[in-house]
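For reference, the structures are reproduced in the following blocks.
There are two complexes below, and they share chain A, which is joined by chain B in the first and by chain C in the second.
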Partner chain A sequence: MKGYCGKILKVDLTTKTCTDVYINDEIYENFLSGAALGAWWCYRNIPAGADPMGPDNVLCITSGLLTSTGSVITGRWMCVTKSPATGGIGEANCGGTFAPFIKACGYDMIAFHGASDTPVYLYCDNDGPVLKDASHIWGQDAAVAEKMLVEENTVPGKKRPQACTIGWAGENKSFMAGVCNDNGRIAARQGVGGVMGSKMLKGLVLGGTRPVSGANPEEIKKLSKMCAKRVNMAFLPPQVPAGLLNVAKFLPELQLSPDGIFTGVLMGTWGTAGASGFAAQTGEAPIKNWGGSQKEDFHIRKINKTDGSQMLKLQTNRYYCYSCVYGCGGELDISHIKHNDQGYSRVHKPEYESQWDFTGFLLSDDNDAMLFLNEYCNRAGIDTISTGGVVGMAIEAYENGLLTKEDVGYELHWGDAEGIIKLTKQICHREGIGDVLADGCKKAVERLGPEFAKYAVHAGGTEPPMHDSRPDPQQATLYAIDATPSRHTSGGSLYYGCMHLWKKVTWAPPAVLVGGKEGEWQISDEESLKVLACAYFKRVVDGAGGCYFGFILGTATYPMFEWLDAATGWGKTPDDYMWIGRRVFTMRHMFNIKQGLDPWYSRPHGRMVGEPPLKVGKNAGKTVPIDAKMMNAWKNAGFDEKTGMPLPETVEALNLNYFLEGPIENFIKEEVR
Partner chain B sequence: MKIEFHGPSMCDFSKMDKNGDIEVPEGTTVKQFMKIVKLPYVWTKVFPFLVNYEKVPYDTVLKDGDIVSAFSPSGGG
Partner chain C sequence: MANYIPQIRYDDCYGCKACLYNCPVSLFDLSYHVTRRGMRRELPFTKRIEDCIGCGVCARACPVEAIDMVKTEPEEGKEAIYMDWDAPVRIDPNKCIGCTACARICPSNAIKGTVKNPHVIDEDQCIRCGLCFTKCKKDAIYNSNDPIPELVAKEEVKADTE
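Coming up: the complex of A and B.
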């Protein structure tokens, strides 16, 4: 076995039929598995101009090539579809314990075609798939639905199955809805849960137990031991307060090549939210819907009220995702906090994105409100990044008179936790003004009017994460040129410095000092190649089922290329794998073009690139020359630098005409079950 | 000999080449290296400090190609 099953399950929800689809090795060797396999399947099966919420759309739920092979930090599962938010390729991924169960059923991916006219869920184990009625759980939140599905499909003496579900937001076809597992972890971005809701598919329950192996399991094990040993060496004593990291604001801004191993320090000790204090003070965290500054708008005392140390006070236990050695997850007891009108008790520790979205980004220092909202959104199955973004837009519109109390039904101000909670609940349930906002900023502007556009911060229909792109032109360019725009998990200057790709990939430029960061604002092939190296490597990692926190460990500690080769036995070089990453990168853009998108559609909102520049704070005066950056990146990717269209010679060199337009019989064999 | 160094931005990187290596004399100890790059002792006591991804005594003699890693704040999530 080469790490993959060589087979996917195609489920037609309209006809209620299931088909085993055998995929040729050629596809895996040229695209890997995971998100890349999903994107290939979407390209081949979703017609041009398909309604994302219609039966022509396809929703792929996939595991990675390395998942279950013995590699570590490779347990992500992914949703791939046509996004209702962007109209292009939509993608989201998630950790937890769900991913290995896909392959344990004998499939690399489960692809849902068509749409059911009544609520259903898919059950699958070693005996195969069956669609079951889900009427009794339709209307339940994602966590309750998951619990019900797992319990009713658990057979005494057999392995307990795992499930993923949608919540209220998915049922309501929100463009911000995600798909949840492990009681509220969520593959959140770009409306993948809304697509699932449009198919009346409430969940998947997987109970397979089939083994998975790689070509060289001993080598995989050896590499995994090395990775785990290094991560375990790099931890802080737990008594160190997160506020100590605020020292970062006194450090000079340099183009650095830090050892990514120390991301483990933060993740393991505080979870991802441990970074919020120094992120805010170094200009990394956007404030006040990207319109403010920490210095002027959000005092350090407010940050310290909501940072990772506050969460540790409520933490009952840490946990690890499948195959993880970081352990950034944790459970908190929030039964005693204010605002908790749902009686939540044990909940997931908020991620940095959610934590900052519901605090500094909206100028709220109400830690309890943030903790409550995080859990409410998890159960609703809605993306906290996009929700925070659209709430920020609404508050700013209210403060500037574009929305009134009559429009909203209550007052809505910066830092007003009560108002933020009310509005978030309405968005989750599509009630009142929440219905207008439930599909994100871009759609809200279409509904409310163009005067709202100045507060609607997004790129191509996706709200940006809590990583400010003004101090990081690489990040800004990645937000703009990724086929799934506004994605923070693709890379950026700091992350490129951590990855050390130049030590393994012949064409990747070194990211090493010496000097300030001024060079990052220059338009140069070298800067563009760094951006593209991040983008291509991300495609490799997503094909493998890897975690972003793994890839910022650096390729010496997180031996992605070596693991892939040990699993497959292909004998490929890092350059070969990056070529695959480039093929997937280009294919995803070709999907968007096939669906009618102009590549300029994802040019970020002006605030994301400092147009106009801020006047105060760490990012004062910073403007990213984003048009020139996009054009130079396109040129280096082999795209037309003016239009962003892949050049024919690039498509030819990557053999994409063959894979995307050649007879499908060349690549698959179908057996109806 | 060359030592690969990763450290916080208050260190002295002026001797670092484009590949991230710093040339130091044979026989240089960890403590001497910290002086060369101006890495504060207290930083290595509060935050993780590793040589070849191991914790080592300060009098350890470095070898050509060793990797010295001092904590530098970075985030994600």
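Coming up: the complex of A and C.
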């Protein structure tokens, strides 16, 4: 076995049939598995113009090529579909425990076609897949539904299955809904859960025992031992306050390229929430719906009330996703906090995105409200990034008179935790004004009127994460040009500096260890190649099932290329794998174009690129020349720099005509079960 | 008790849970508590070791080789079957009488066949636990890289087994 199963499961929810689809090795060798395989399947099976919420859309749930081969920090599972939020390729990525169970059923991926007319869930074990009735759990939150499904399918003495489910938001077909696993981990972005809800698919329960291995398990494990050892050497005692990072305020703006192991210190000690103080002080964290600054709007005292150290006080345990040796997660006891009218107790620690989205982004210093809302959104199965974004839009609209108390039913103000909680709950259940906002900023503007557009911060229909792109032109460019726009996990200057890709990839430009950032605003092939190196490498990591926090550890600690070669035995170089990444990157753009999107659709909202620039704070005066940046990146990707369309010679060089237009029977063999 | 049982070397364990989530009988829970780097950790633990089937999947799944499979003494009167996990498990079709006992006990559903016909093991599905050996009364199952013999005519097989 070369890490992948060579087979996917196609489930037609309309006809209730299951088909084993055997996929030729050349697909894996040219795309890898995971999200890349999902994108290829979506391209081949979703017709142009398909309604994302209709039966012609396909939802792929997939694990990566390296998962369960003996590599570490490679336990991610992904959802790939046509996004209702953007109209293009939609993807969401999650840790948790679900990824190995997909391959243990003998499948690299499960693809859902059609739509059921009644609530169903998919159960699969060694006997094969079967669709079961889910009407008794329809209406339950994602965590309760998961628990019920696992318990009713657990047989004593046999392997206990794992499940993923949608919550209320997915059932309501929200464009911000995700798919949940392990009591609140979530593949959240771009409405993948809404697509699942549109198919009346409540969840998947998997309990197979098929072994998985790579071609050279000894070599894989040798690399894993090295990675685990290095990661576990980098830590700080938990007594060290996260507030220490506030000294970043006094640092000059620098391009930093330390070995990524230093990010391991941050993650390993506080989790991602440890970044909030640092992020706010350096201008990394957007404030007041991208319109404010830490200096004017969110005092350091408020940051300290809501930072990573506060969470550690409530932490009962560290949490590690499957195959992770890092453990940036944690479990908290929130039974005693204010606002907890649901009686939540043991919950996952909020990530930085959720933490900042419900605190500094909305000018709230109510830590308890943030903790409660994070769990509420996990239960609802909704993306906290997009929810925070649309709440920010609503608050700003209210504060500027575009929304009134009559429209909302109550008052909405910056920093008012009660209002934020009420509105978030309404969004999760599509109640009142929540129904207008439940599909994100772009759709809200269509419903409310163009005067709201100035407050609707998004790129291509996806709300941006809590990583301000104004001080990071590389990130701004990636927000714009990735086929799934507005995703910090595509990369950025800080991440590129950590990855040290130039040590393995011959064409990746080096970054200086410490230097000025002025060069990042230049329109140059060098800057674009850095952007593209991030983007292509992300495609490789998502094909492998790797974690973002793995790839920012750096190539010295996270030997992605070496693991892939040990698992497959292909004898490819890092440049070869990056060529695969380029192929996948280009294919995803071709999917968007096939679905009718003009590549300029994802040009970010003005606030994301400093149009106009802020007047106060760390990002004052900063504007990213985004049009020129996009065009130069397209040129270097082999696209037409004016239109953003992949050039014919690029498509041909990547062999995409063959893989995307050739008869599909050349690549697959189907056996109806 | 199974012929092999896992022992985790906790000093080498990073708690990635590969053993827990690959175990075909869900033997492990997270009840081994340690404090590392000042924070509480829950590591995998075999609370009900008597339920272990000795397949070694946990040890093979562990990315850092922190699990040793330790031989146990067989029960009195019983023969120990110590598997070679580097070799597949196969069925000689000329010895198999199709009683289905091995298929019914296989925890991975890897053995296929109809009643009174020779059974076949799916080597990719097989977890090499050896439970099928305990059920086969015809010594038809073997654990090596020797190729599966060609099936000889039925009358000759019936004559051999009578």
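Here, the second predicted complex is superposed on the first by the 670 of 673 C-alpha atoms of A that agree within 3 Å, B and C clash if a C-alpha of one lies under 4 Å from a C-alpha of the other, contacts with A are read in each partner's own complex, and residues count from 1 in each chain.
FYI, contacts are C-beta pairs under 8 Å (C-beta built on N, C-alpha and C of every residue); 3 or more make two chains touch, one makes a residue touch a chain.
Because the structure is predicted, anything quoted here is derived from the model rather than measured.
In the superposition on chain A, A:Phe235 makes contact with both chain B and chain C. Looking at the shared chain after the overlay, A:Val130 reaches neither chain B nor chain C.
When the two complexes are overlaid on their common chain A, residue A:Cys498 makes contact with chain B while staying clear of chain C.
Shared-chain residue A:Val616: touches no atom of chain B or chain C. In the superposed model, A:Ala628 lies in contact with neither chain B nor chain C. In the superposition on chain A, A:Ala104 contacts chain C only, with no contact to chain B.
Applying the stated contact rule after C-alpha superposition, one finds that A:Glu284 touches chain B and leaves chain C untouched. Residue overlap on chain A between its contacts with chain B in one complex and with chain C in the other: 235.
Residue ranges of chain B in contact with chain A, taken from their complex: 6-10, 13-14, 16-20, 46-48, 50, 53-55, 67, 69-77. Of all residues in chain C, those touching chain A in their complex are 14-18, 21-26, 37-42, 51, 57, 60-65, 107-110, 124-127. Per the touch definition, chain A reaches chain C in the complex via residues 1, 68, 70-72, 75, 97, 100-101, 104, 106, 125-127, 157-160, 162, 209-211, 213, 217, 220-221, 224-225, 228, 232, 235, 237-239, 268-269, 312, 315-318, 320, 322-325, 327. Against chain B, the residues of chain A that register as touching in their complex are 229-230, 233-236, 240, 244-245, 247-248, 250-254, 256-263, 265-267, 271-275, 278-279, 284, 328, 351-353, 488-489, 494-495, 498, 510, 512-514, 548-549, 552, 557.
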